[in-house]
Amino acid sequence: MLEYVIIGNSAAAVGAIEGIRQRDNTGSITVISEEPYYAYSRPLISYLLAGTADDKKMAYRDVGFYEDNGVSLLLGVKAVSIDTTSKEVILSNGKAVTYDKLLIATGGKPFVPPMKGGDKKGIYTFIKRDDAERLKAVAKPGTKAVVIGGGLIGLKAAEGLVKCGVDVTVVELADRILSTILDEQAAAMVQEVLEGHNINVILNDTVTEVVGDNTVSGVILKNGQSIECDMVITAIGVRPNTDVAANTDISINRGIKVDDHMRANVEDIYAAGDVAEAYDIVYEDQRVTPIWPNAYMQGEVAGRNMAGDDVVFDSGFARNSISFFGLPMITAGIIKPVGNEYEVTSIVQPDKKVYKKAVFKSNRLVGFIRLTDIDRAGILTGLIKEKIDVSPFKDKLLDEDFGFVYMPKSYRKEKLLGVKRK
Amino acid sequence: MRQLPALCHFLPYTCSQVTNPSIDPLREPMELKTYLGRKPDKLEFDENGRLVTKLTPQLVLNVPIMFSAMSFGSISLNACESLARAATQLGIYYNTGEGGLHSSLYRYGKNTIAQVASGRFGVHADYLNAAAALEIKIGQGAKPGIGGHLPGEKVRAEVSATRMIPEGSDAISPAPHHDIYSIEDLRQLIYALKEATNYAKPVIVKIAAVHNVAAIASGIARAGADIIAIDGFRGGTGAAPLRIRDNVGIPIEMAIAAVDTRLKEEGIRHQVSVVAAGSMRNSADIIKAIALGADAVYIATSALIAIGCHMCQKCNTGKCNWGIATQDPQLVKRLNPNIGARRLVNLITAWEHEIKEMLGGMGINSIESLRGNREMLRGVGLTQKEMDILGIKAAGE
Amino acid sequence: MKRVYALEEYCVGCRLCEINCTVAHSESKDIIWAFKVEEPRPLPGILVEEVKPISFGLQCRHCDDAECIKSCITGAMHRDERGAVVCNADKCVGCWTCIMACPYGTIKRNEDKGNVVSKCDLCPDLPQPACVSNCPNEALIYVDRG
C-alpha cells in the first residue's frame, strides 16, 4: 500500500487526489496545507470580497470529498522541507511525514516588490482567502485604495473593492492593463469599462514609496505624483512557491522543473500547478503557467502517474476567462506575437465592445482574444490544444457562426461521431 | 387510353365456400417463397438418391415482390439505400437501374439486381460480380421504344463517379442497344454477362409489354435468359414523355397471360421465370398477375410512395421535395434511409399478409399453387376474345 | 455511455431539436406556454450549425475526459451518477471558464438565470433526450458508442 503525500490543497492537489483514486483505491493520501481550509476556489476570492460568494460557493468540492477519497488532512501546518533520501516531509510543528510518492503543489506566492515604506500597516496582497477576508474588513465605503499592478489579480481586487464602495486607483507599470492576456486594442476597451466604473487607471508608472506613519496614508509614484489612500494592494505578480524544495536536489528554474509526466528530477517526487514549470505547447518551452485549469490537469496527470499510470500532460498553455463589470473576455496562447512567422487577423466592433483576434503560426492557431463575443470560444482553445491545421477554414475562424460546419468532414466526423480517421 | 380502368378491375378472384375449405393464414403455414431462374428439364439422381442434375442459379424471394429498376441519378442515393436495405431485410431484391452501383451500396450486393442497359452506364466487372442477378434492359413499360435521358444537372460528383461519365454531362441511354438487332445478338450479350460472372448469376431480360410480346418472350427464353421481366402499360415514371407513356404498350395482364400460354405451348415455360411489372398497385394486382402466369412482380411507384413520393410528377426537374428524385444535397437529406427502409418493409410485410389472406381464401397454402392457375379468376365485362387471351372463363361459368 | 449523435446526412436544419429542448426544460412542458408565457424561457442545450447544405445538431458530448469539469474553478461542473456532465447552478458563478474549455462550443451563457451556464443534461427525467425523440428525420440518435 503506497503512501501518497501532497503538499498543498488547491486545484492541483484535488486533481491529484482524483487522479490517484482513478487507479488506486487503497493507498493512503495525506494532504499538508498551510491554510486551515478545505480546498476552496482561489479565483472566487474577488467574489468573496464583493460579497457575491458565500462559503458554499467558495467550496471547491463537496464536504465529504476528503472522507470519500480517504484523504487525511494536515491543515494549518506548513511543510518546511523535504528529506529526499529518507523520503520525509518535515513539518513546521517539527514532525515528519514519510512518503512513497510526493506531490509538491504549493502554488504561488505573491511577489511584493521592495519599496520604501513597504512595511507599513495597510499593505495587502490578494492571493488567498485570508487576504480577501482581511481586505473585506477594511474596505468600507468612502475609503481609498491603490492597487499596484493592473493584471488579473490587481484588477479583480479593484473590481471587488469598487463593489464595496472603495475609491480605487490602479497603477500599472506596463503601457496597458492585463498585458499578459490582452493586446493594446483589447486593453483599451477594457480600461474604458473600468474607468466607467470609477476605477482610476494609471499606466506606465509604479509606486516608489508608501507614505504614512504606521499605517498607509498615501503613495508616491515614480513620476512624483502622490495619491492619498487608506490601503495598498500589491498585485505585481505571483511567483512559484518553491520554498519547500529549496536546499534539496530538486531542480528549480523559475518553478520546479517537471517532465511531461509531471515528475521532478528526484525520484518519486512530482510537482503540479503554479509551482511547476511544465511544457507549454504554444511556446514550445518549459514555462510556469499559473492558471486554474492547468493546475487541475497537471495535478490529475501527476496523481495518475504516482499511482502507476503512464499518462502525459500535453495541454499546457495559458488561457483565461474573466470578466470585469459584466464585460467577458476569453484569451489563450500567444496574443501579442513578436516575429515574422506569425499571422494575425482581427475584428473590432467598438460600439458593441466586441474585439476578436486570432494569431496563427504556420497554419496553426496559437492564440486568440475574444472580448464580449465569447460564445463557443472553446472551439478555438481546442484547435490550439490539438494543433489542428486551420488553413481550410482560417478565414471563417472569427465569424459569428464559426463552428464545426466549416471544418473538414473527416475531422468533424471524428470529433462529433467518434469515428476514427483512417 | 390511360384513362381506361385497369384490366385487373374486371378480374375478380375466387374463394372457397363449403365444398372446399378456406385456410386461415394466422393458424396455418403459408408458403410465399419463390425461386426465380431456369428450372432443369428433368431431375436425375444417383443410386444413393442424391441429386446429380446440376441446378442453375436461382434468385430466392421470401415474397414474390421485387423493387423495380430505378437508377442512382434518377433517384437519390438515400432512396437507393432505402430500397437496398429494405430488400436485404425482407429477403427480396432491388434493381440498380441503369445507374451503376454506388460504392456505399456494394454491401447490399446479395440483394441487388444489376442492370445493363443501352447506355452501359456504370457497368464493369466489379459491378456485375457484386450483384445477385443481372438484367439486360431492352425496354421499359412507361416509355417503350425510347431511351433514357438523365439531365446534366443531376450528374453531380457521386453520380458521375458511379456512372463513369463526366460531371454535368447529360446521360443519354439510346433507344436500342446498338449491338442487339436480333435474338442471336441478345444471346451474345446474355452469355457475355454469364461468362463475366462465371455462370453463377441468373440473367434477366426486361422488355416492355408490346403487341408481339409472346413471340419475343419465346425468343428471349431460347436466347438463354433465366428470367423474363415484362413491363406493362401504365408503368410509372415522372420523367416519361406524356404521349408515349399514355399510348404505347399493352396491359400487363394480357401480356403475362399471352406469354405464359405461349411458353407453355412451346414446352419451355420451365426454362424461364416470368416477372410482371407495371402498375402493380396493391396486393390484389399481384395475386392476379401470378394467377395469370407470373412468377413474381416488380414494383416501383408503390415503393416510392411508401418512402414519401407524392406523385407530383416533377421528377424531371430534379427538385423532388421528398428527397427521392433529386440530387440536390439539401433535398436528398430529407430522406433518411432508415425511415425509408422501414416504410418499405412495412409495405411489403403488409402486402405479404394480404397475399396470405387471399391465398387462404382461395384455399391455397402456397404461392406455387396459384402460379398460372387461371381457374382462380373470372372475367366481368370483358369480350370473349379478351377472356380467351387471358385464358379465363366469364363470371358465372 | 449513451450519447446523442447527429447524422448530418439526414439533418435538414429544421431546429425542432432546439424547440423541443426548450419545451422539455420548461416548467409547463407545453410548447405554447413555454414560448409565449414562461419567463425566463429555458435556453436550448442543443444548437444547430448550418451552412447549406450541411447542418447538424450539436450538444454537450459528455466527454469522458471532460475539459469543462477539469477547468471549472468552482467545482460546479461535475459528472452525475448517469455519467452525464452537468452544472450545479447553485455553485456556478458565471466565470465562463467552461466556455473557454469546451472544444465543442456547446456550453451557453444563461444570463437570465443569474450568470450560470446552460447545457445539455441528457434529459434525466425522460426515457431519451427530447431532441432525439422529436427529430422528424431521425437525424439525432441516442446510442452507446463507448
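We just call them A, B and C in the order they show up, numbering each chain from 1.
Just so we're on the same page, contacts are C-beta pairs under 8 Å (C-beta built on N, C-alpha and C of every residue); 3 or more make two chains touch, one makes a residue touch a chain.
Everything numeric here is computed off the predicted structure, so don't read it as measured data.
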Chain-level touch network, classified as line, ring, star, complete or other: line
Innermost chain by mean C-alpha position: C
Where subunit B and subunit C are represented by their mean Cα positions, the distance between them in whole Å: 48
Inter-chain centre distance, subunit A versus subunit B - centres from mean C-alpha coordinates, in Å: 72
Whole-Å gap separating subunit A and subunit C, where each centre is the average of the chain's CA atoms: 29
Contacting residues of subunit A [partner subunit C, same complex]: 15, 41-44, 47, 52-53, 56-57, 59-62, 292-293, 296-297, 300, 319-323, 328, 330, 332, 374-379, 381-382, 385-386, 401, 403-406, 412, 415-418
Subunit B residues touching subunit C - in the complex, by the definition given at the top: 78, 328-330, 333-334, 336, 338-339
Residues of subunit C defined as touching subunit A within the complex: 5-6, 8, 49-51, 54-56, 58, 61, 67, 70-71, 73-75, 90-91, 93-105, 107-109, 145-146
Contacting residues of subunit C [partner subunit B, same complex]: 7, 9-12, 52-53, 137-139
